[in-house]
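The first chain written gets the first letter, and so on, giving A, B, C and D; residue counts start at 1 in each chain.
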Amino acid sequence: MIREKSKLKILRQKIHIIIYGTNTVAGRLFDLILLGLILLSVLLVMLETVQGFDVKYHDQLIILEWIITVFFTLEYVLRIAVTNKPLKYIASFYGIIDLIAILPMYLAFFLVGTKVFSVIRSLRLLRLFKILNNPKFSVQSLHLVKALKASRGKITVFMYFVLISTIIIGSIMYIVEGEENGFTSIPTSIYWTIVTLTTVGYGDISPVTPLGQFIASFVMILGYGIIAVPTGIVTTEMAKSTTKKPNINNNYSCNHCDAEDHQDKAKFCYHCGSKLVEN
Amino acid sequence: MIREKSKLKILRQKIHIIIYGTNTVAGRLFDLILLGLILLSVLLVMLETVQGFDVKYHDQLIILEWIITVFFTLEYVLRIAVTNKPLKYIASFYGIIDLIAILPMYLAFFLVGTKVFSVIRSLRLLRLFKILNNPKFSVQSLHLVKALKASRGKITVFMYFVLISTIIIGSIMYIVEGEENGFTSIPTSIYWTIVTLTTVGYGDISPVTPLGQFIASFVMILGYGIIAVPTGIVTTEMAKSTTKKPNINNNYSCNHCDAEDHQDKAKFCYHCGSKLVEN
Amino acid sequence: MIREKSKLKILRQKIHIIIYGTNTVAGRLFDLILLGLILLSVLLVMLETVQGFDVKYHDQLIILEWIITVFFTLEYVLRIAVTNKPLKYIASFYGIIDLIAILPMYLAFFLVGTKVFSVIRSLRLLRLFKILNNPKFSVQSLHLVKALKASRGKITVFMYFVLISTIIIGSIMYIVEGEENGFTSIPTSIYWTIVTLTTVGYGDISPVTPLGQFIASFVMILGYGIIAVPTGIVTTEMAKSTTKKPNINNNYSCNHCDAEDHQDKAKFCYHCGSKLVEN
Amino acid sequence: MIREKSKLKILRQKIHIIIYGTNTVAGRLFDLILLGLILLSVLLVMLETVQGFDVKYHDQLIILEWIITVFFTLEYVLRIAVTNKPLKYIASFYGIIDLIAILPMYLAFFLVGTKVFSVIRSLRLLRLFKILNNPKFSVQSLHLVKALKASRGKITVFMYFVLISTIIIGSIMYIVEGEENGFTSIPTSIYWTIVTLTTVGYGDISPVTPLGQFIASFVMILGYGIIAVPTGIVTTEMAKSTTKKPNINNNYSCNHCDAEDHQDKAKFCYHCGSKLVEN
């Protein structure tokens, strides 16, 4: 009896290492299969919306989806069974995503209507975020996130300026162009302003009157110019975080010869060789 | 009698603190309500232009607008009554905006015609600038404004080049494509050039002849390339204002020969060899 | 007789100062009037192409043009008469432009046909370059030009890569999409590729087949990404030319104490005060 | 007999110098002619697809193509005959390209059908890569490639984020706009998202519903903002590779304690105080 329990315990531990760990071959293989299945499930969600494809391979798609759902359900159950803090996992970001990813298929039994159905199934896409759990990505993105965080304040102010400009320009264009030229309301005009300011330029709405075209030209040049601002902010922050000025310690100088710019790890003055003492 | 006057004085002081100050809870609450009302009034201006919405909720919109107008009027009157320099406030930028924001509704009684009406009401959007009065914003934007100001000179020259290019390319395209392909006049051609050079690309006008498409390709690549220039200018200015030029000590000059720009570690003037003394 | 000659000489000198100089009030006024007339003449060229406007004010436009042409002719003649090296002026860049700007109106007598006429008249736009003669502009643009020149080499290589990519992607899209979807020939496909790669996106030609849209998505992301390259090049060059590392001369060190990083103008070692001798 | 062999050997050597070398006049002339023929052959591939042109000059195009093909064939044969390691050349990147460039014309005898024909002929465009073999280009592009390689890691993470965003936004837009507004499937929606996020904006698909336009506005501003990220990455890497970290001398380490990163002016090891000797 005790032996069986111990066996179960060992099995639990083994599964824990495979599911949560990334150091063993089995653990890495599990992660790879999981990643593949996530991508496959995302692909399935996409393909189901392609009319021609869905008509032809409807049954195969449904079968594949059920296989994936069963696998994800198994994984979800195992993750809870194997961990020592199941509630912590269930309440965690990735725990919730895992649940959301498997629920739709079961719910789909009760809810009918393609629209609602596809909405719910799309929730499986959230699983994509799981890949970000990958340590390789999190390490690599740390630097980017840091630079973006540091530039958050300035970018907020910049965005605020852009937003005000957008509202004011949109209102002016609504008055200038009017409803007969596609600027049917101020929100629509603001939409046009954003389309123009960001240099997207669909052309679904475009100014017709000479004055409107003149203002539009101004908006375009403005948009062309202000793209420099977020770029400048982010670049500066990135440059700051990379040029570490690696080992220069500006705080103390040599007592003997007053030489400065000693490296952080310096114990002796690089110029005269006398011992360095912190001032 | 004197006591009443003193009471009034205290009340006036209290209101002054609430309206103009940002340090007390009441003051901050007032600012928050004001901000909310400004945004609400902006939203109202927008919604009135949405046909379907305006028809349905016309009365509610009007009532809400009057409430906001009355509040803004009250605020305007109080600001004048409470300050010691009422004329200074009235003539100030924000004083004028405050007045412009409340006038339209009263004027709307006398002026009829939707177009004129909506033009005037849109002036209320100027109130948005009031949010910039927020110290948080002004501090944050200081850095941006400084960098932009420093790069003003170069950006002006750049803009001038762009403008000349625009005129010349526009004229060439007018001749190449001609009126039958949508390039109806040189101003229209210039409008097209700006649409292309800024990579907006509506597609309302696009070259049809092979030569026109060739020139257009050239313009696009030019536009794609020269976007680097304002970005480079702004980034450089931002980088300059953040990196502190550590080694150069600008604070003192040589007593003997007036040479400046001594390095931090300099003990002797690099120019005349005399000992440096901090001023 | 001699006195008359001397008077003429003085007059000639005075006109020289006014026309060529920028230091006197009259000289600056002359430049300002000239600038105004150039802009006016550019405006005239534009307005003549606006159908409605030209019909209404045809006579006025013609009269104004003749006035400007006469003024420019006078200026041209005076410039030749007043300078000591007339041939040098005539053969100079601005001399040729000045001539080209006045010739069209005289030639217009002999050449008939609106198309040819407008082509020739547009040559007057070249006068816009005269404004660049302004010392203020030339000083300001020096920095920009220097940074662009320094990055010329890298930008050429970059452009070459872009061009090859453009040709290859264009050919692939021609094969994938084919003539029935608007990609009528490889040159047209290349035009589409440039429109897409530079993120202009007119939409006059856009991929229809799924594979075409997939490749287009790839091209867009590529275009979005590689815009970083010219920006990076120019920014780096600008940063280099502004952070002057102002006066650091790395070539020689103090003979006495071996201290380095002496500023360019340094005659004495900043560390020990001994005289510096170039090695 | 021996003399003839020796003559052949000398001829072989001479041709080797002309074909492979770039130091002699003949060698440079050969490279120039080759470059011209490559560009001409690329031009021919293009022109053949221009309907009007092909009809008019079909025979001339075919003749020119055969001339070029024969020249390229001769060059290919000579390259093999002349080199000492013919297999190495045949298996090399440029050897394969050379073969691919000449094969199509010979294959065209057996394969009929314009589509297949033009596909195969387009392979000749690969020859364009040969120009990159030019030492001038390879030296110049080294810097760019280095900066891009160094930023590869961060750009991959960035691209991954963009891809996930693209999939999720695409799915949302598919649900919001639906098939009746052009968002016929999730892949199509993703295509639209990329068109918008990269600020290309064809306008072949554009949001119609207010909610769709609101989300689109958000996507555009996002796209406008995140363009700063790759630019920031590349600029930072370029700046890093150009600024030489002047003070750090990585070439020698302390003989006594193996400490590295000594400053250029260091005479004594900053770590152990022993005198530094260049290795």
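Heads up, the rule we're going with is that contacts are C-beta pairs under 8 Å (C-beta built on N, C-alpha and C of every residue); 3 or more make two chains touch, one makes a residue touch a chain.
Please read these numbers as outputs of a predicted model, since none were measured by experiment.
Undergrad: Considering only mean CA positions as chain centres, point out the chain farthest from chain A.
TA: Farthest by centroid: C.
Undergrad: Chain D and chain A are one sequence twice: same or different residues at the contact, by the over-half rule?
TA: Because under half of the interface numbers appear in both copies, chain D and chain A meet with different residues.
Undergrad: Could you work out which pair in A-B, A-C or B-D copies the interface of B-C, where over half of the contact pairs coincide by residue number?
TA: So the equivalent interface, with over half the same contact pairs, is A-B.
Undergrad: Looking only at C-beta pairs that count as contacts, which pair of chains has more of them, A-C or C-D?
TA: If we tally the contacting C-beta pairs, C-D comes out ahead.
Undergrad: Quick one: chain B and chain D, Cα centre-to-centre, how many Å?
TA: Between these chains, centre-to-centre, one finds 42 Å.
Undergrad: Counting only Cα atoms for the centres, state how far chain A is from chain D in Å.
TA: Measuring from centre to centre gives 29 Å for this pair.
Undergrad: If you average the CA atoms of chain A and of chain C, how many Å lie between those two points?
TA: 42
Undergrad: Return the distance between the CA-based centres of chain C and chain D, expressed in whole Å.
TA: Computed value for the inter-centroid distance: 30 Å.
Undergrad: Considering chain C alone, which of its residues make contact with at least two other chains?
TA: Expected reply: 187, 190, 199-203, 227, 231, 233, 235, 239, 261.
Undergrad: So in the complex, which bits of chain D are touching chain C?
TA: Interface residues on chain D, with respect to chain C: 42, 45-46, 49-51, 115, 118-119, 122, 125-126, 128-129, 131-132, 137, 140-141, 143-144, 147-148, 155, 159, 162, 187-188, 190-191, 194-195, 197-204, 227, 230-231, 233-235, 237-239, 242-243, 246, 264-265, 267.
Undergrad: Quick one: which bits of chain B touch chain D in the complex? Just the residue numbers, please.
TA: Listed in rising order, the residues are 199-203, 231, 235.
Undergrad: Show me the residue ranges of chain C that touch chain D in the complex, using the header's touch definition.
TA: It is residues 153-154, 156-158, 160-161, 164, 167-168, 171-172, 174-175, 178, 184-187, 190, 196, 199-203, 206, 210, 213-214, 216-217, 220-221, 223-225, 227-229, 231-233, 235-236, 239-240, 250, 253, 258-261 of chain C that touch chain D.
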